[in-house]
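Shared between the two complexes below is chain A, which has chain B as its partner in the first and chain C in the second.
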Partner chain A sequence: MATARPADWQPPRGLLLALAASLILAGLPQLLRQPAVLTLLWLVLLGWRLALAWQGRPSPSTWLRLLLTAAGVGLILVEYGAFFGREPGSALLVFLSIMKFVELRRPRDAQLLIFLGYFMLGVAFLFSQSLWLGAWLVLAVWALTSVWVTLSDPRRPLPTRRHARLAGRLLLGAVPLLLLLFLLFPRIPGPLWSLPGDAHSGVTGLSDSMEPGRISELAGSEAVAFRVQFDGPPPPPAQRYWRGPVLALTDGRRWEVRPVRAGQRLTSTAHAGRVLEPRGEPVRQTLTLEPHNQVHLLALDRPASVPDGAWLRPDLQLISEARVRLRQRYQVVSYPRVGVAASAPGRRDITRGYPADLDPRVLALARGWRAAADSPQAVIDQALRHFNQENFIYTLTPPRLGANPVGEFLFETRRGFCEHYAAAFTLLMRAAGLPARVVTGYLGGEYNAAGDYLIVRQSDAHAWAEVWLAEEGWVRVDPTTAIAPERIESRIEVGASRDSGAVRFWADGTRGWQRALQQMRQTWDAFNHRWNQWVLDYGPERQRDFLSALGLPDVSWRGLGLTLLLLLIPLLALLAWWILRPRETARDPAVRLYRTFCRRLHRHGIRPQPGETPRQLLLRIRQTRPALAPAAGRVIQRYQLLRYRRRPPRDALEALRRAVRAFR
Partner chain B sequence: MHPFIAPVFSALNGIILGKEQSLRLALACLLARGHLLVEDLPGVGKTTLAHALAAVLGLDYQRIQFTSDLLPADILGISIFDRESGRFRFHPGPVFAQLVLADEINRATPKTQSALLEAMEEGQVTLEGTTRALPEPFFVIATQNPTYQIGTFPLPESQLDRFLMRLHLGYPDTAAERELLAGVSRRELIRDQAPLLDPQQLAELQAAVARIHASPALLDYIQALLAASRDSGHYRSGLSPRAGLALLQAARAWVLIDGRDHVLPDDIQAVLAAVVGHRLQPRDADGLAPETLLEPLLAVEIP
Partner chain C sequence: MPSTLPQPTLPTTQRLLGRQPPSLAVGDRLELSRRNIFILPTATGLGFALLLLLLLLGAINYNNNLVFALTFLLAGVGVMAMLQTWRNLAGLRLELATAAPVQCGQPARFTLSVRADGMRTGLALDSDGGAPVWFDVPAEAPARVHLDLPTRHRGWLRPGRIRLFTRYPLGLFHCWTHVSLSARTWVWPAPADTGGTPPQAGRRPSEDGTQGRGQDDFRGFRTYHPGDSLRLVDWKAYAREQGLQVKEFGGDRSVEYWLDFSALAEPDTEARLRRLARWVLELERDQQRYGLRLPGTEVPLGRGPDQRERCLQALALFGVRD
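Moving on to the complex of A and B:
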């Protein structure tokens, strides 16, 4: 005996296809991100349900669906090892959505799927907030809304262009609300919710330590490190050294930042000004730093001011008080040269130290130079000459180094990237008795004419050295320039260099298509930068600025939220009233005009009574307000003509409109 | 006023004094091919009205005095065996006239009443298997005496519905009454009155009524009135669709008299009391008084 279950809803095929397509649109970010096995399962389930519908068969039984769900959930558990967290959570959502699609047996299910689609799109923003995704969202929301409109149209069960147009109009109508909420929705300082830890695992950037090979890893990345806008003209390429972690501690292989006591922190610009002695012209810059999950901030060498929420180390490294997990904007004033009003490093300072097991050949080489030179500057020159004249090669793929990396590099392999040269040079200086340290950061940057800013990528990562000279303080020495001088002027060409290991540099305008490509990239980046600047970075501060520009007092986000709520409630009430108000059934324009006339009569103290015919009204006007009678008579005569005559003249409506307008 | 009707109207006004509105309604009722019920005290001129209408319009006229022993055959006619021809011959009753005055219709038995009412409705009389058409035009004026109800058979509501209009004549005003007293006998006036319309003209006028334009807006108004009568809660039962048709037809005739070609809400209101008054009863005894019975309808918003 057949079960007495009510017959399942069989959605029209066209609607089912549209629903499937919009689900693919909504789920695509996750489908591309998750393991291929899950995506494959998803697509198979989708196709299966479509095939069932094509054969006119009902959705699978509850048991089969439960089994499939368990299998899918198990697969997610195997792939991710957990249900909680951004990745598995999102995968679970997308998988369960397709199971709902398989179940689809009521119009309500389809409606729910639409909402799930919206939700999936929202979740996609937990992973990326790029312009691309924003554009994708608009497309997908439009598709989902179109299907929704189709679902709500009892007369046309299949998607039509009319539905898409209506959906488009609905979305356009929502734009003012979107802008309003974007501008006024309270921005909470810090992330709204704390993202799970894996959110930052893939973030690249300079780290606080350096080992051979670490920076050359970065050289393969085109990711943006930060963008800089200058108040004046950008500094010449030779001065575009972006100062990052300063490394003074070493065991001969690994370089680390030296610890700093709390008392040595320069916490404000004024504070820094007492210690630093700026020389030369200041360079004012605004940096937009991509999140790198570290505490250091970058600035043009050498920073002399301290942005909010940061402090300056005595070795002139800017440190943020919190790890940089969101894109951050800050302003810094830098001077090409800064004297530190402190005495020379002490005799036992770590900037003089080298490991006890330093290769004796290194020690011998350095001491030889020291003995031959008559000044510290001469030692530096000798070292650079050494790199330049001996057979050293600048390469992205240096051979692996053993337990004694500096010695092996200097005397055997002689192939290295900037960190090899910086490390070797610093140790040579220390062996020669000069205080020295490694500075990591970035060198160069691409000037974007479209947006008037400098863009610095991970591939611009660099390491150089600083040597203490008694008269001048810490002096920047970049040993890489001795081997590959073009590194300063040009950017490393990523990609081509990966396999061969040979470093190739971008040369401006060598070939036409290269130039066009570069220009396109720059325009796109400028666009992206604006998006970041005006949309993604619209945080609490910017909101406060915006509100105060509107003349609103400084309100907290709580106050703002409350105000928004209080504003919204009467607004919604008004909207509800407007929608539910007793409708004027009068579709006839003549009646609307006549009502306008009646309202104007009311101002004269004459109120049309219920059931009073226009003619009776006119009689009353003649009796009570004879002065109004001629004008009122014209209105009433034309109104009656329009409403009750067999074929009113063509211009009668216009005549009535004129008469009503003339009646004041 | 319509050029054909203006002389008719002024002649009638000369005979029946101070009753312009009632005369106009009675004329409208006739032109709309309806029948008229006059409800009033004896002696206020009901018979005179019927007589005067017949004389002015050149209609042949019959009066039937209804009594409790009146039989249908007394109205409709009877077949009598004719010895000379050896066949039954039909002797038409008084109903075979163009204008019939059914005086004190509520005195007759329901059987006799319904004989007349069926003739009114059908426009023909069927006796012994033979159908005989009534003359054209055919107009019945029935009168009722509302005060002496002993031994009467009041018309049921369903029968009242057959009358397009019900009028109250009422007492004449002082000036009109003085003129009546001072002037010549009404009977003589009627006798001397020459017909002002021929049957052809009357038929044309009746046909012209149907051509009066009623706009959608006006039909909306009639529907609003019908809906209000049904929903207002003031009446025992709402107006029937036939009442709506009657209202429209009467208003059209009213417009024709006025010499226009389209109906206005004013025309509906002008005929409303006459057309609707006898079709509505107040919901309960202490509800609306007869004078204010139609106030809820007159207050209906004109769409």
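Moving on to the complex of A and C:
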């Protein structure tokens, strides 16, 4: 039933188009992220409303809109299975904004759409804060603000260049305030209320347990795990083992971190000395760890210092007191070589244990090596030789293993990724009577010359073993190197290995374009790293550092508010002066240029007198500052030409402009 | 008894500040400055503040620096918009031209010329309850803004206090100023619907001997000129093939009319005044000589626009205090 709605407002088509475009721009991240079906349907809705407007027809009736809204919300519920949480919330926001656009029957609706657009931008940053998204923010805010200015211009209902320019000016003027507030607005650690369950989903990283196939999953991800800066030169590739969770508990298939009593925590660097005896040169590093929603922190093998807010397990694993949900920076001192400090694992220590149902073939193989060897080191060598000489294959897509994975791997499939070799090797050592454990972490890293740091990606995830030797303590043994020695020097090439399963390694740029590409990637990553450091990671600690650099150490909340206020007032005064300053009223461009010239003369100490003609001024310049006379003469001659010649030459104004510009 | 329009009470802001709005007389110039410009957020502005608050809470809760940046950027835009809105009014120079007298019921038009040192957009002018007039001020020339005021009574019309306001560029802030216009114009009574014939005071030959033109006395024929009324064409002469001849009449001037208030029958003063107004307009249209007698005033006999204006003014201001 069509009832006349006298209050209906038909927005001009141009405005409608601009509104639709800026809405799409604001919702772009969500439109690209959500299932394509939804995006397609939403765009159809938008197009439908535009088509209605083009035919001069009003927005659809309330009933139809309610029906469509219910259908859309239902669709989102089906796609996401929930309303609450980050993903469905963002999808709903975009959908409801589009339904508001379909409604659009009052100027106030358009105003509300602009606000919804800004809100969409904010929500988009909960998913990603990349540099690209930062650039997109600027563009989208500008577009939305331009449409907003159009909405507020009672006499020009269509978007114009003037509106876009004014919006740009508003944004530029907002930058100083943005900087001030960004730097000084009091930052509080931690959320105000609990975040939805999926707030931290989608982050990748090593977990605190290992099963066959877990790490090879990571190998497909180019995502950055962390970046490291060193005080000195970066360690050689063979030493770039990044220590993560140390796994000692196993049921033969799954490996887990052994629990640690509170009393065993090493909470300071001094405590760390109890379990290790540093040897050789320390390596000082600053890590920027991407959030992985776990408690472990990574560090160069082996960490010997304890950063703030963390502690060290006796097996030399760094643990953060809270889950790492934000990018975190910390400094660690590591020693690539350490001596024995702690006592040997006890006779019934879990690093000696193996499951009772361990494949008898494994047990027999290990015991055979033990019997033939004259030292523990010989057992290790024998195991590595075994991997090297038997027909073992290093692959990203190993066959699935059944109930008895180690036995099947060692004697049947013989195809595996690093976690298979590390797990099998560790169990072999334990079966041979040597205490051993699995260490997971990362191996390698790409040196970024543009930013002088090392990038370690998820694809560098690795697992190796540590064996207890009486004279040396825990010794790192990497069985993978027995099968694929090039793994140490090179990174795994992600794209190629996915399809074939064969592991291929990055060869450092052999061809020119490869090198150029690599360099571009590195420069981009260096930008990203700075963006992370200076924009995204500006939190309570950095704010404190910044303030103490300003000479304001230990500023309280209240002090910060006061400082902010004290700086805000002059800033606002400055802005007000800029906006409200009297404008140059001369319309004639020649007069304006001549005034610019006079101001420049003033800088040279010559003050043009009121009533002084240009010719008199020139005479005075010749007498007092002859050096300036030629350039000033050119300006004055051209100005007079423009003023007094009945028909000045066409390019006279341009000539005057050049002469004034040349006069410094 | 009709009198001047009652002066409206001062707006709240000015009562609070104990300040009269600046007044602008015809021929004067008024420059708006911070002393007389007010600014407050609009409902949209409050909605925007709510949006900022939501974004800020989200930024704090998720510890998300780009949401912080977005919030602060938008806050900056809000501050800029406030300053821009304010600047839109600041420094405007107003000049007032008075309105011509007008008949009651028709709008009286006051013209305000508004000048600025640059282009100003989205300005509006209104007076109590009237619809706003939207205008821009170009950079080069003053804008001429017409303020059409309704007239409801005869007598003096004073535009009184007008409001100049703007919400440009974002509609977040409402910035306004009140100016009291110290100009006035008079409004004559709306002519009565039916007139009857005005009373003739007497007939006498005109002093200069000419008779002028009119419709009463036939004077003779003259040749037709394009534009002459076809009713005056002597069709009989045309039929006699004497060409188009037009009958000429004259002699109206010799009639004089005295319009006397006290001679009218209506009991109501206003009704009498409206009838007199109608006669003035009719007689002037017919180019008659007429005079007006009101209790206490008399407009001597006369003719022409000045006479009309004198009479209408006397009618407009009859019994009206200044």
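Rule of thumb we're sticking to: the second predicted complex is superposed on the first by the 541 of 664 C-alpha atoms of A that agree within 3 Å, B and C clash if a C-alpha of one lies under 4 Å from a C-alpha of the other, contacts with A are read in each partner's own complex, and residues count from 1 in each chain.
The working rule: a residue touches a chain if its C-beta (ideal position, glycine included) is under 8 Å from a C-beta of that chain, and two chains touch if they have at least 3 such contacts.
Not measured: the values here are computed from a predicted model.
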### Message
Contacts for A:R347 in the overlay, against chain B (first) and chain C (second): which applies, first, second, both or neither?
### Response
neither
### Message
Between chain B and chain C, which one contacts more residues of chain A in the superposed model?
### Response
C
### Task
Check the residue A:R400 against both partner chains and state whether it touches chain B (first), chain C (second), both, or neither.
neither
### Task
Check the residue A:R161 against both partner chains and state whether it touches chain B (first), chain C (second), both, or neither.
neither
### Task
May I ask you to decide whether A:G539 touches chain B, chain C, both, or neither, giving the answer as first, second, both or neither?
second
### Message
Output check: A:R664 vs chain B and chain C. Expected answer is one of first, second, both, neither. What do you get?
### Response
neither
### Summary
Both partners, chain B and chain C, contact chain A at residues 585
### Task
Can you check the complex and tell me which residues of chain B touch chain A?
213, 215, 217-218, 261-266, 269, 297-303
### Query
Inside the complex, what are the residues of chain C that reach chain A?
44, 47-48, 51, 54-55, 57-77, 79-81, 83-84, 86-87, 90-91, 117-118, 121-122, 124, 134-136, 139-140, 167-171
### Query
Considering the complex alone, what residue numbers of chain A touch chain B?
585-586, 588, 591, 609-616, 640, 643-646
### Query
So in the complex, which bits of chain A are touching chain C?
111-112, 115, 118-119, 121-123, 125-126, 129, 133-134, 137, 141, 145, 148-149, 151-155, 166, 169-171, 173-178, 181-182, 185, 187-193, 195, 199, 326, 535-539, 572, 575-576, 579-580, 582-583, 585, 587
